[in-house]
Structures are given as structure tokens and as C-alpha cells.
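What follows is chain A paired twice: with chain B in the first complex and chain C in the second.
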Partner chain A sequence: MSGAEAAVRRGTWLSRLPIRRENQAYAALFLGPTFLLVLALIIYPLVFSVSLTFSRVSTLGGERSWVGFDNWARLFRDPLFAQSLGQTVMYVVPACILAVVIGLAVALVLNQDFPGRLLVRASLLIPWALPPVVVAAMFQWFLDGRRGLLAPWLVQLGLVDKAPAFFTGVPGTLYTLVGIHVWKTFPLIALIFLVSLQYLPRETIHAAQIDGANAWRRFRYVTLPFLLPTIGVALIIQLLVTIQLFDLIFALTGGGPGAYSTYNLYFYAFKTSFEHTNLSYGAVLAYVVTAIIVVLGVVLTRGGRSLRLS
Partner chain B sequence: MSNANDRRARLRAWSGAALVAGAAGLELSQLFVDWPFPVWAYVVATVAGLVLLWRGLDQLHIGMGARAVAAVLALFVVLVIVVPFGVVVVLGSLQRPVDLLTGPHVIPPQPTLDQYVRLFNIAYLSEGIRNSLIVSTTAAIVATLLALLGAYAIASLRFPGRRAVYTSVMLIYMLPGIALLVPLVAIFRTFRLIDTLPGMILGHVALILPLVTWLLVSAFEGVEPDLEHAARIDGAGRFDALRRVVIPMTVPSIATTAVFAFVLSWNELLFSRVLYVSSTPMLAPSIVNLMDPINRVEPQLSAAGLVASVPVLILALVMQRYLIRGRGEGAVI
Partner chain C sequence: MAEVRLDRVVKRYRGLAHEALQETSVTFKDGLFTCILGPSGSGKTTILKLLAGIEEVSSGRIRFDGVDVTNVTPERRDVAMVFQSYALYPNMTARDNIAFPLQLRGLPRAERYRRVDEVAAMLGIGPTLARHPRQLSGGERQRVALGRAIVRDPKVFLLDEPISNLDANLRMQTREELKRIHADLKATFIYVTHDQDDASAMGDEVVVMAAGRIHQADTPTAVYWQPADRFVASFLGRLPMNFVTGTLGEGDGSVVLEGPDGLALDLGPRPDGVRLPPGRVLVGIRPESVQAARADGPGPGVIGTVTLTEVVPPDRYLTAAVGSWSVRARVVDGDEVQPGDQVRLRFGLRSLNFFDPESEQRLDMSSAGPS
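Let's look at the complex of A and B:
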């Protein structure tokens, strides 16, 4: 058999189809398994979930009955829904601002050339990689009123007069959670900015330097405008992540103290579905969270396009 | 003339450095000696010191000042990241529970590995470690294998609806977990998948598959199409092209993606908690169990936390070069 013949034989029967047909056949073949799985595990559940919202179903099983729009109407007379929605905003606003500001500052610092800089960059991966429950357990002890280290340190350093209570105040506890969340998320934001800064043309900075612009002006008129799109991306990522904040609330406060003072919408949906075993109203709440995320996500990222840096 | 200037600059830089170091020393000395050093004095001294250091060094060598100040500030960043983890999780796990009574310690008075030994006597914890290893590894492998095919189709094949498929991958990736979990529980109950390992694995695959697909699409789009065409002209089928050209060229991205999937699944709490009733404890919810306010033993919790962190920390540090891809695509994952 000649070499050329062997080469032709090597392809499967699909490769002998006309090119466009062949493309489509392979696309179907390759996408098939993923598509089936997505259909079974994601799309079907989401559609099924619509029917859930129009019926009464308990997590524990049992009879299912149709109740029309009852579950949706409940949203409007549910004070806890309004409270959770408000508290979601209380989480999101400071978490986004703090993480982006700190992340940007850290990125500017780490963008300088100093010995050990790669080591510092590597340490940024620690909070990012740690399991959220470990972060929760760690800060539970670190911030504990009696057994924790931070409160006595703050007192000894003269930063506060008496030991602050991190997990008992309303709404203070919510902001403690924000602080822990920012500790866990600012490193990723810093890494995003660091990658973006690699594309900042050095010539522009040098030119500004030679023209006598000081560090603040170089930042204000060269670096900041250059980073503006990245700041947008970072804000969106942090926004979407913070709306879905769950692990810290579940592990640290369980929604308390006081009357649901650290609930957010996501946590409320979880509680309703799996602890108050009302899957139907839980599905409604989950749909509200989904609607918020998808609308914000699609609008802010123009259909996901701006999430791809470069 | 320039020598005099140099000397003045050097003096400035040194006094700045001394100011920063001295202020830090005085501030920290309060942890050991009881005397008041006001916060504002520390802040003023540090800022003034940093400015002096910057100015002085910049006069000696342009750009040097910023670097030195950055090095000092980077130290603060590292402290903020490493101190809570190092002191609470690493050193804390070496304490004995009785040490809690003598007040908070940074250095364990009598370091012991007791808590690590005890961990394995807590049935749900050792089971949790085993289950998490099984579920996260399987889910990461299954999701990556499926996504290899799907992502290749989206990135390299031209077929009607390709854009729509790509956009829906994005959209599905954005979906909040809770929206998926509520109906999934209802469906899993019908198929008796709740509280089983296969059910747990399926749940985790559903969670990570969209992200993995999305990441691999961006990786495959970076492959030079000419190379693939060359292979195809030589008679390679699509499958061969994927196996012999595209995959070998994107091994780092694929490995990173798989690692990423593993970390995501390992750290996941919501699905692991809800799909478990009594027979398939996973590690993350088991740690929450240990956090119970009445019975918790902090050193034990720290030991469990360190055990749960070691795999993901090792993976993150090994893959760090690829986690931040600084080249053409510039995607951060």
C-alpha cells in the first residue's frame, strides 16, 4: 500500500464526508455527551423548577398539589424577602468597593520590581485556594471574643479601647462577614489587575516620567484610564460572587444573630428549600436570585463578552 | 556637587528606612511591654518614613524609590494573608485544648500532634476526607473529559448554532448553584440518588462542567488552526487531530482546568451539604459540623482545617504559573 493511500485510509468514515457535513457530524458527536449531561442535570431541572413554583412540594416528599401563583404572590407580602434583599445590597456594596480598591492597591504594589515579589504573588493564592469553610473556621477562632487573638492584639496595640465583639452586633456581624469575604476575594482581584498591568505600555509611563509627572499623576492620568475596563470586569465578578455569598453565612452565623440579621437572598432561598423544607417557595426565591444574576450578568458584561480580558 | 547630593539622598533614604522600621518596632513592642504608643504616631511615622525612603532612593536611581516602598508595603500584604492562616490554623492545631484556658497563645505552650491523631477517630471526618477525594477527583476527571470534546467542537468546528452554544455555556456558568440545586433535589429523590456517591458526583459534575467547558474553549481558541489543518491534510481525522495536535499543545491549560475543577469541587459546601443525609459525608460540611458552638474544640478544628487545605494549597502553588496566564489570551481563572 502506498503512503498516500494509507494516509487517506487513516481517517474514519466521517472524514470522507464533504467538509461542512463532516464538521456538523463531528460537532454533534463531540457535543453529544456534554449536551446530554447538561440537558439532564441543568436544563431539565431548571424547567422542572418552573413547575415547582406553581405547586406545593415538601423536601421530605409526599403529595404534590397545584397552587397557581400563590408562591409568587407570597414574595410581595413576605417581610423576610424584603429584608434579605436589602441585606444582599448591604453585603454587595462594601464588598465590591473594598475588594476592588484593595485589589488595585495590592496589584500596583506587586507590579513593582522588588526581590521576593514572586513569593508575594504566590501568597495571594492562599486565600483564594482555601476552602471557604476553613476560612470560616479560622476567623471564628481568630475573631472570637474570649479565645481569639485579634481582639487582644487590637487592644494591646492601642487601636481600640475595648475588645470589639465581632459576632454579636446587628448589623455589625454582617460587616464582619463582609470583611472575611473581602480577605478571601481581594487576592483574585489583585491577580486580575496584575495580569492587566502587564499590558500597560512601559513607554507611556516612561514618557510621563520624563515629562515630570509625579507618581500620583502617572497613576491618575496613565494607569487608571488604562485599567478602567479591568476595574469594570473586577466589579462585575465581585458583584456576582458576593450575591451568591453562602458558605460564610452558613458556617459562621447561620443567619443570626438577632432576627435574620445576616440573611441574604441566596441564604434565604437555601433555608426555605432545605431547612424549612418548602421546595416550592425556595424555587421562587432561587429564581429571583437567578433573575438578578442573569440580568446583571448579561447587561453588565454585554452577554459575557467583556468577561474575556485581553 | 553631585557627591553632596548623593550623600543627602542616601541620608534621606536611610532615615526613612529607620523611621519605618523603628515605628514598626515600637508598635509591636506593645504586644510584650505595656506602654502607650499612639496609633496616629505610628501611622505618621510610617508614612513619613516611606516618603523619605521613596524620595531619597529616587534621587539616587530613578524608579528605585517606588520599588523599595513597594517591598515594604508588600510585607504588610503578606502579613495580612499569612498571619491568620499561620497562627490560627497551623500553630493553633498544635495546641492542647487546655491551652485555651490560659488565654490566647500565638506559640503553642506545649506543641503536640494529638489533634491530628484524634481526627481519624471522628468517623464522619475520615469518611468525609475519603468521600471528598473520590467525588472531587472523579467529578474533575469526568467534567474535563466531557469538556475536552465539547470545547473542541465549539472552538474548532464550524456548525450552525455554534455561537448560541457558546453563549449558553456562558449563561449556564453564571447560574447560581441554588437555582440548580432546588430542582435537582426533587429529581434526585425520584431516582434515589440523594445520599449516594454517584448522586454526589453527578451534582458536582453539573456544578463544574460549564466552567470547565468555558475555560477549555478559550484554551483551544489559542491553538494555531494551521497546525490542525496540516494534520488533517496528512489524513488525520478530527479525533486524531484533537488527540495528537490540540491536546498536546494545550496540556498546561487542560491540567490547570482539571486542577481548578478539583479545587472548586473540593471547596464546595452547598451541594455537598444538601445531597447528604447520613451515608455520604463530604469534608466541607463535616468541618461545619465541628464548628458547632457548644462542642467545638478549636485546635481540633484547626487540624481538620489544615488537612482540608493541604491538597488545594499544594495544587494552587504547583499550578500557579499557569493559573495566571500572562500571554496572548490573558485570561485569569
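Let's look at the complex of A and C:
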């Protein structure tokens, strides 16, 4: 490190900003309110929630006592934590695969030239734009065993003998939720792929075609490698929204049927904090979710970067 | 090897008022190097895309060796194409780019790479084969794109301005290489360019296009010296052709062109077998066919006043005013002229091109006259 560089690195954080010395007071004045907001809304809650995990605090208030790592140790003795964690995986894996596969397929179709393409493209986003509660209510009606629309059709078409139990089976109900979640989230994924496809040069596809590649091989050797980084991005996005899946569970099953069969970690954290009023253990569960997101996010972005470099 | 034929082909694009390609019939002869030459938007790349099959004709037929391929998909036409953008596969190495067409044909890897190495040696890109396209220079990318076409040994090569992104030295070198490759492969080459030097350097034949229409298809020499119409005459040539409208007459054993404002050009005696087109004609004369010498003494020719001089190596040119007509001419060796000097301009009847002033089509001197 040269002397000049070292000089720059010393001093307060403010003096390192590209601001003249005589203006630094103004800078502090302008930054102050924002800093206070960040402090109050981000830093303080963060510190507070960490301290929560080492104490016993009820949502209803009352005495607060330090318990060390008791709340963290409970994770390893808690069968419902293990079940929720397992069910989180049962949500995330199919939801990510389905949303990426369907999103990609839809994007490839919408990237073709056909009459009415603009209209179809615009209507694609409807599921994504609907409020989750509306989606939940809609599917409740649509999939209801007795009065729903789908069950009678399936029976009349002879595909099933009796109305399938969309909201009463175990573990079937979890997959009903996965299906609804995918229906709601794939449009954004499709849109991401569609944008990416706009950047794939038409000439490269034409070159492959002239070189003798049929539609499948053009996809396999040209389009798919081109989209690999985008698939990484789509996976991260879908992973984040699926790990945080809450509203559909809350509105459609409340965690049931049976013994917590549609719980995921996020929902479990909510139940613990606000129904069982154990704010401390709820915070621990929320931190587990955060840790999973951070780790997977780093792995996927690193993976995506090395893919692009190779 | 194949003869490629467009039979009354029309191409319209959706949302475009005019036809990208007006009804066109043209034959690209088997084994010849044909250059399609024209300005931007003339429809030259459209022809290439139609031949490759990546665009569909609006009407008409396309035939390879007499076989109708109009409805054959690009992957089954057995043509190779080199794009102006090169269109390499970014995720593959140069080697795999070149090998890709062979891979699609199911050749085993060892055989593929052996053929790639042959082609790479021919193009001098052996050391770059392990790199990805973004690690290659423009010239190297261009060669990889060329290699990808050559390795297939196709019936027809389509080249869409493949060297226009290269610098001048590399362009000239690549022209020679393309000629050599064509001589080796003896395939039908169809080469699109807006650069007349490309066309005259490489083309056995040149097809001149503008605004979706073919104006002339002939040898490079013929399109230069016997242009079919005014467009071809003015599009070709480093310096713009001189034009003047007038009538041709014969008197005193000499042909005289009478132009506007009393302009009278003495064109010398009429050679045998040359007929003069009657009525008003549009005359085109290449600057290098007009000789300008200092007007020191008497002699044949017409006197003009120099307005401009310029150097187009190895020659010097001047622009002279003859009455209201401004004409560009080559200065004879050894003469020094300055703007304001008087010069004597000499025209040869044989180097003149006559066009119908209305249709701007060429009037042939040997067949013109009463028919």
C-alpha cells in the first residue's frame, strides 16, 4: 500500500468520502436522518431479535429473563422443527423445479412470433399480480371437493372415480399448495426468461439451424447454455419466495390437515411467535430461515458466476 | 456443387409497404463466385436469407440444381452461411464451434476434431482453437465462422459481408484467401457486399442490386464498362461517372454530341459497326475515359476551365467547367494544372455509355437504330 493510499484509508469514515472538509458538517446533517431511520428500523430490530433468541420473552409481555443457548438447543429436541424443515424442502424443491421448467417453456413459446402475442404476454402476468388472499379464495372455490369446479369435471371426464381431496389429504394438501404457489409465481420467472431471450441473437439461432440443428438441438446447444446464468437467477428468486411461503398456508390450510402437514419453517415461526406467544423461540426459527436463505443465496450466486466464467 | 436459381421470387415483410425483393429471377452458376453488390436496403441480404431458408419467400420458387427447395427447412438445405456478425456459439470453444455441424451429423469426436484441425490449418487458426469466441480477435472470429462453413463441405456457400468488420489490410488478405478457398472447394459461392472492391476482387460474376431489384448480373468488367442502367453506372467506380444529356449527330467525318447551352463534344470518327442511337440520349462517361491536357496549342477536343483538382493514386483528376456542364477528367501524365487553367478535354466514342433519358436503360450502340 502506498503512503498516499494509507493516508486516505486513515481518518473517519466521513473524511474518506469524496467530500470537501468544509462541507463535511453538511454531509453529516443530510445523512443524519437517514442514518437514524436505518438505526431505528433495521439495526435496532436486528440487535433486539438476536438478544431475543438468548432470553425468554412472551409476545404478551411480562418478565424477560436470560436463558443462554436454551432456545437454540431446543431446535435439536423439537420434532415439529424437524418436520417443518423437511416440509420446507418438500415445498421448495418441486416449486423451484416446476416454476423454472414451466416458466422457461412458456417464455420459449411467447418468444415465438404468433398473432396475439402481445395480449398473451400481458395476460401472463395476471396470476402474479393477484393478491395472495384472492388467489387463495379463488382456488378454494375452484378445488372444493363438493361445490368446486374442477372435481366434477374430472369425474365427468372419467379421469377419477370420486372427487380428489385437494385440501384434506396428507401429504397431498402440501402439493396442492405447491401447485397454487407455482401457478402464482411462474409468470415472473417466465418474464425473466423472456427478457433474457430477447438478448439471444437471432443470427446465432439461424446459424445453428443452417448448421443442421433441429429445434431440440438448437435449444439444447445454443439457447439453454445461453440461459444458464438466468436459470440461476430464476432459481434464487423462486427459492426466496418459496422459503417465505406463508400467505397461502395461512389462508388455505392454517397448517393442517392432520398433524401440521402443511407447516413450513416460516409458518412455524409465525405460529410460535404469535399464537404460542413464544417470541424467543420464534426468533430462533426465523433466524434459521434467514441462515438457509443466506447460505443458498451465496452458493447459487457463486455457482452462477463460475458458470459464466467457465 | 450446385446451380442456385431464384425463379420469380418475391419477398414482402409484414408491416413493410414496399417489397424487400421485387419479382426476381436470377441464376447463380454452379461453382462460380458470385458477388451480390448493392447499397444498404437493396435486398441483397434478403436473397441470402431466402437461399438459406431462414426467411420464407412470399411467392416464387428456389431451386438447387433444378430441385425445388422452396419448402425445405434450413437444416436440410445443405448450405453454409457466414454471417456479418459471425454468429459464433459463445459457450463453445473455437474448435467446438467449427465441429458443431459435424457433431450434428453424428461424426465421432476424433473424426470431427481431425477435420477441424485440417480446416484450422488451412485458415491459420490452429493455435486459437481452445479459446472461446470472446477471447478471439475480430479476424480470428471471422476465420472461425468461415471454418464452420468450410468444414461441412456444403453445396453452396452464403457469405453475408463477412469481411466488412475487418481492417483494410486484413480485408485484402482475406479476399485472397477466400478466392483460394473457392478455387480449392469449387463450390458455389454467393457473397453479399456493399463494397465494389470486394466484388471486383473476388467475383466471377457480380449481381448489382438496389431497392429490391436486380439491375445487372454480369462479369465485374462488364458491370463497370457496360453498365445496364444509370444506377449501375453511378454506383460503380471510385469517382462518380459524368453524365450529360444531348443528341448525337455526324458531320465532317466526326461524331458530335450536342448538349445543353451550345455544348458540342467532338467524339472523333465513327468506328465501323457502331450505330448511333437517335434522338436525345443520356451519356455517361467515366472520369478515367476523359483525358485532360493543358490547352496550350490547337488540337481536337473541347476547352474547359479547371475548377478543382484531386489525386486518386496513381492518377490525378480535375473537374472542369465546359459551359454549364461540370465534368471530371483524368489529367494526362506530366501536365500540371491549377484551378482557373484552361484544359483541353478529349472523349472517345468507345468509352461512352448511352442511356435512354427516360428509362435510364442502356442503349446498345451496336444494335441501336432502326429495328
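The rule we apply is simple: the second predicted complex is superposed on the first by the 266 of 310 C-alpha atoms of A that agree within 3 Å, B and C clash if a C-alpha of one lies under 4 Å from a C-alpha of the other, contacts with A are read in each partner's own complex, and residues count from 1 in each chain.
Keep in mind that, in the parts below, a residue touches a chain if its C-beta (ideal position, glycine included) is under 8 Å from a C-beta of that chain, and two chains touch if they have at least 3 such contacts.
These numbers come from a predicted model, not from an experiment.
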| item | value |
| --- | --- |
| First (chain B), second (chain C), both or neither touched by A:F114 | first |
| Which of chain B and chain C A:V222 touches, first, second, both or neither | second |
| Greater chain A contact set [chain C / chain B] | B |
| First (chain B), second (chain C), both or neither touched by A:I42 | first |
| First, second, both or neither for A:P201, with chain B first and chain C second | second |
| Partner chain(s) touched by A:Q209 [first = chain B, second = chain C, both, neither] | both |
| Those residues of chain A which chain B touches in one complex and chain C touches in the other | 209 |
| Residues of chain C defined as touching chain A within the complex | 52-54, 73-77, 79-81, 83, 85, 87-92, 100-101, 104-105, 148, 152 |
| In the complex, chain B residues that touch chain A | 27, 30-31, 34, 36-39, 54, 62, 66-68, 70-71, 73-74, 77-78, 80-82, 84-85, 87-89, 92, 100, 103-104, 106, 146-147, 149-150, 152-154, 157-160, 162, 165, 167, 170-172, 174-187, 189, 202-203, 205-206, 209-210, 213, 218, 232, 234-240, 263, 266-267, 269-270, 273-274, 283-285, 287-288, 290-291, 298, 301-302, 304-305, 308-309, 312-313, 315-317, 320, 323-326, 328-332 |
| Chain C-touching residues of chain A, taken from the complex the two chains share | 201, 203-204, 206-214, 217, 221-222, 225-226, 228 |
| Chain A residues within the chain B interface of the complex | 6-12, 14-15, 20, 22-24, 26-31, 33-35, 37-38, 41-42, 44-46, 48-49, 52, 57, 59, 61, 106, 109-117, 120-134, 136-142, 144, 147-149, 152-153, 156-159, 183, 187-188, 191-192, 194-196, 198-199, 209, 215, 240, 243-244, 246-247, 250-252, 266, 269-270, 273-274, 279, 282-283, 286-287, 289-290, 293-294, 297-298, 303-304, 307-310 |
